Amino acid sequence: MSGGRPKLLWVLLVVIFVGIVAIQNITGPQYEKIRKAGMSSVDSKDTQELMVQLPGQFLIASMAGFKEVIAGVLWVRADDFFHTGKYEAIIPIVRLVTWLDPHNVEVYSTGAWHLDYNFVDGNQMSDKRYIPSSVALLQEGIANNPNTWDLYFDLAWSHYNKKLNDYQGGLKYMLLAVQHDGRDPNTGKVIPRPAFVDRMVAHQYEKVGEFDKAIEQWKYARARAERLIKDRSDKTADYVALVTCDRNLALLYLRLAWRYGNMDYYRKGVEILQRMAAQKGTPPDILAAAKAASADYAKRMAAHNPPRDVRKPIDMGFSVKFEKLKPKVFRISGTFNLVRMSEYAGLASECVTRRYEEYLKAPPDRKQDWVDGGRVRWMLTDLDYKMVIPKTFTWKIDKSKMVVFERECNAIPVRSGKFKSEPIDLSGNDSFYPFKARKYRLVVWASPQEPGADQTLQDRVGWKGEAYADGKYLDTKMQPGYRCFRWETVLDRNDLL
Amino acid sequence: MIIWSIAKTTVGDAMRRKVVQIFLVIAMGLILISLSFSQTLAFSAREGSSVDLQLVKSFGLGLMALAGWLISLVMGVSLIPQEIERRTIYTILSKPVKRYEFIVGKFLGAILTLAICVALMGIVFIGVVAVKAYAAQPAHTAISGMAAQGLDTAGTAPERIQIIDANMLIGVLMVFMQFCVLTCIVMLFSVIFTPTVNFFLGLGVYIVGLMSSTSLTLLRSEHASIFVRDFYWVLYRAFPPFDQFNVTNALLYPDAAVGNIWVYTGWMMLKGLAFSLGALVLAVLLFWRKEV
Amino acid sequence: MADAIVVQGLTKTYKGALGDRVTAVDDLSLQVVQGEIFGFIGPNGAGKTTTIKVLLGLLFPTKGSIEVLGAPAGDNETKKHISYLPESPYFYEHMTGYEVLDFYCKLFRLNKVARKRKIGELLETVGLAKDGRRTLRQYSKGMLQRIGIAQSLINDPKLLIFDEPTSGLDPIAHKDIQDLILRLKAQGKTVFLSSHQLSDVEMVCDRVAIIDRGRLVKMGTMEELLHIGRTVITFSGAGQPAIDAVKSLAAECQPEGNLLRVYVDAEEGITRVLEAAQGKAHLVSVVPQRQTLEDLFVQIVRGARK
């Protein structure tokens, strides 16, 4: 082997180089897309500040293909912080992990839940100033993971519905949720979203009073559940989904009929109940409802007597009293005629609910003359406070501001026409309740959309409070289309301290 | 026959090196240990949520990459120099063995060794992922705790997670091809440089290659001078883009991936082959008149 | 028939660590005839290994030309007919003796049947038939050397280049190697032997070249190199007159008790000394003093260094 190097090899080298350049031109742009897909689409000042503090080897490790590992380990570490009560430490970890691994849906969910539910004072009241942060975090999660239903639904249900009681906001995100399916967490293969998601949209339509859409949604949810049963091998549980859809649609029809007199809806509701009753294994309450509703429907049809339970206005006698008990401790009380049992006499819904009958049959010591279960809500904020959802996630809140409202499902209960809160004690936590402002706004209100209220209340007052009447505090502006009660006052700092 | 014989001998020699065996065993052992990750998080917003599967996948892929990196460097820097140092090369090249046959045989042997190591780790990894997927919670996301009050989840049949994730094979292939390229480059350098110099050179090439995206950004920068842009153009073209083999995020979250990952993998295999072949041809040319 | 090896004006220089040039072989010329055993000796660092590597095409000459079996050094076709046993050969430890030989057989493109037969023969030849299935890690130095020899015989070469073939061997193994080399010569093969075991070289080689500091110092047949020696004439009863008579005719005179030893270099000198000493001393013996190769080697190398 003497002599010069063969020219052929040099030529081959050039050909290979040209080939590499050609392939680079194909894979380069493809990789850019893959790389960007693995990066958060949202950047924020907080992220930049946090990145500057990161040690160099962290950044090298994240470049060398270990960022998901680091994210996973950090996230597990955050669990330790939870166990030891170091809740504040969890939030920067949420930020780091979502930067390293923006497709980890779990982190957005848990981080937002954590912000909204776990920063609590001694009375288990959460710090409402974090609500905008939690919403922004989930919105960022949605921007980075737009193709699955999870985060849309989470934002709608856990935050808009449960925290903000903003059902229109919740509906917006629920409608986005049902445009997407889920993913197998192992292979990423598309798996159908769970049946309950579509049902929750129907419930949400009912909450916001869009009944026609609610009806269509129940039908759609049922058809979808049928399709899922057909496509899957495990059919058992899904038949419950069909029953649930049928029951809810039937009740919707019946309620629309009872409350507003739509006999066509009454017929449809009765037909569904009869169909259900004809099947084997139907629960007894459905059997009883089918029988009673059928009979009532037939009777009303014969008598040309459509029902109209939500007719007579009720003077609700809404009044509110604010009382300072001690510095930073106060009480809210008042009156609210929600609702005497006598209002239930002769309601069309009675044929199924048997509410009035139960009342009549109850022994004297157990007889309640009021339909308890309604609630009155309150909110105390700095006079100039506005809840603004930031464009990008930040956990830094203005701790000089104050915004307080009652515990989520524990708005002030109304009993026997009166309501009286437990002492509202804001004295134990200067961080949550800084009392820096000079003026405060206290709003006390009641809405027919009340969570936790007895369903039969709306049978009498209507979905949108159509039967509500009041001389002083009736408000039709705070929730367009709804008749609410609203009492508001401006308090001085001295009124609270 | 000559090339294959040299390759087989190289595989036998390399696989028996303690360093290679240690890295391989540790990597496989750690991947197996990840089976014990059982982190059902107490503070999760999701009912029964477990991060195990994603952690096991990212951990396994990361470990294979780390082991592949170490094995490539350690093996590649010494395979040829050791032949010269131990003088085994004399009894080979004194026979009617062409120089290119020797080099090609050594390269092939190194690549086969890497393939065996990655295959072993890959089998353990895919097995562990399958076991974890089998044990994982059904793919049904409900909201937990107080937030779940009022949520009607009746009649929702949980989806079973698919056990075998074929996409993990992509991860294994990418690890193999990435370090096949690194091995070939380090072996190319070993024709000229000593093992110590070569080790750091190889490390440097790998690190520069990991920043190919940065090079691309900088060469496109409108503010940079023409010299800076030309410099980054050379870096981008000449150095293998090792970061482009890292598609871990796309594998963990296929739903968020853009484009067909299998097509991309095919192109990357071709690119890796081209780089490896280029290194091999250059090594043949350099070794042609190398004095041993 | 072409000479087995023809080296003309071979010079090999290296670039040193500091950029200086180091000449390992300087204008070396020699020929090795086919069928002879050629000894190639020199002190450490003389350039022996460099020369051998150039012959094998492992190194490339800075100047000069080298032909091996009629073709330029390093020619692949020629390598089919030559073999090389390096000093202290190292093989892949994880392989058995059988596997190593099998590997080398494949380098000669022997098929499976031919390999099996050849390996059996070779293991028998070198006395490792029973140890063929043991790994080389378990072999002693002598056994490794035998495997080295075995691999050098695979292709039934015309030219064998041995570098220190008996290094580290016990006397019996030593003898076996000597016998082997002589057998090879009897088969008409050419052996190029580089060794520090000068007794071996002296015993088996037909011709020897001595190099020092890269240069050829002496080359010739054994007879040419070693018969340039002295004759020792021993007298008894030699008094001063006898010493005076022979002193100028001899290279050296050494009284030893009542004996006088007179060293004469040339043959004609013997007669002159005898005539001069007649009647003055009693002749005890006339013995040709034959130099060993070692003596010659030391003499040459030390002389060159002065």
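Each chain carries a letter (A, B and C) given by its place in the written order, and its residues are counted from 1.
Everything that follows uses one rule, which is that a contact is a pair of C-beta atoms (placed from the backbone, for glycine too) under 8 Å apart; a residue touches a chain by one contact, two chains touch by 3 or more.
These numbers come from a predicted model, not from an experiment.
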Key: From chain A, the most remote chain by mean C-alpha position   = C
Key: Chain nearest the global centroid, as defined over all protein CA atoms shown   = B
Note = If you tally C-beta contacts across A-B and across B-C, the winner is A-B
Query = If you average the Cα atoms of chain A and of chain C to get two centres, how far apart are those centres in Å?
reply = 97
Message = Just the number, please: Cα centre separation of chain A and chain B in whole Å.
response = 44
Key: Approximate Å spacing (C-alpha centroids) for the pair chain B, chain C   = 53
Overlap residues in chain B, where contacts from two or more other chains coincide = 98, 289
Query = Which residues of chain A are in contact with two or more other chains?
reply = 1
Task = Quick one: which residues in chain C touch 2 or more of the other chains?
result = 57, 60, 76
Key: Parts of chain C lying in touch with chain B, wherever the complex brings them together   = 53, 56-60, 76-77, 79-80, 82-84, 86, 88-92, 94-95, 103-104, 106-109, 148, 151, 155, 161
Ask   = What residues of chain B sit close enough to touch chain C in their complex?
value = 1-2, 5, 9, 12-13, 16, 86-88, 90-98, 289, 291-292
Note = In the complex, chain A touches chain B at residues 1, 5, 9-10, 12-13, 16-17, 19-21, 23-24, 26-28, 30-38, 63-69, 71-73, 75-76, 78-79, 82-83, 90, 101, 103-104, 106, 109-110, 112-114, 117-118, 144-145, 147-148, 150, 154, 157-158, 162, 182-192, 194-196, 199-200, 203, 225, 228, 232, 234, 236-244, 408-409, 451
Note = As the complex stands, chain B meets chain A at residues 39, 41-46, 49, 51, 53-55, 57-59, 61-62, 65, 98-99, 129, 133, 136, 139-141, 143, 145-147, 149-157, 159, 161-167, 210-211, 213, 216, 236-237, 241, 243-244, 246-250, 252-259, 261, 264, 267-268, 270-271, 274-275, 277-278, 281-282, 284-285, 288-289
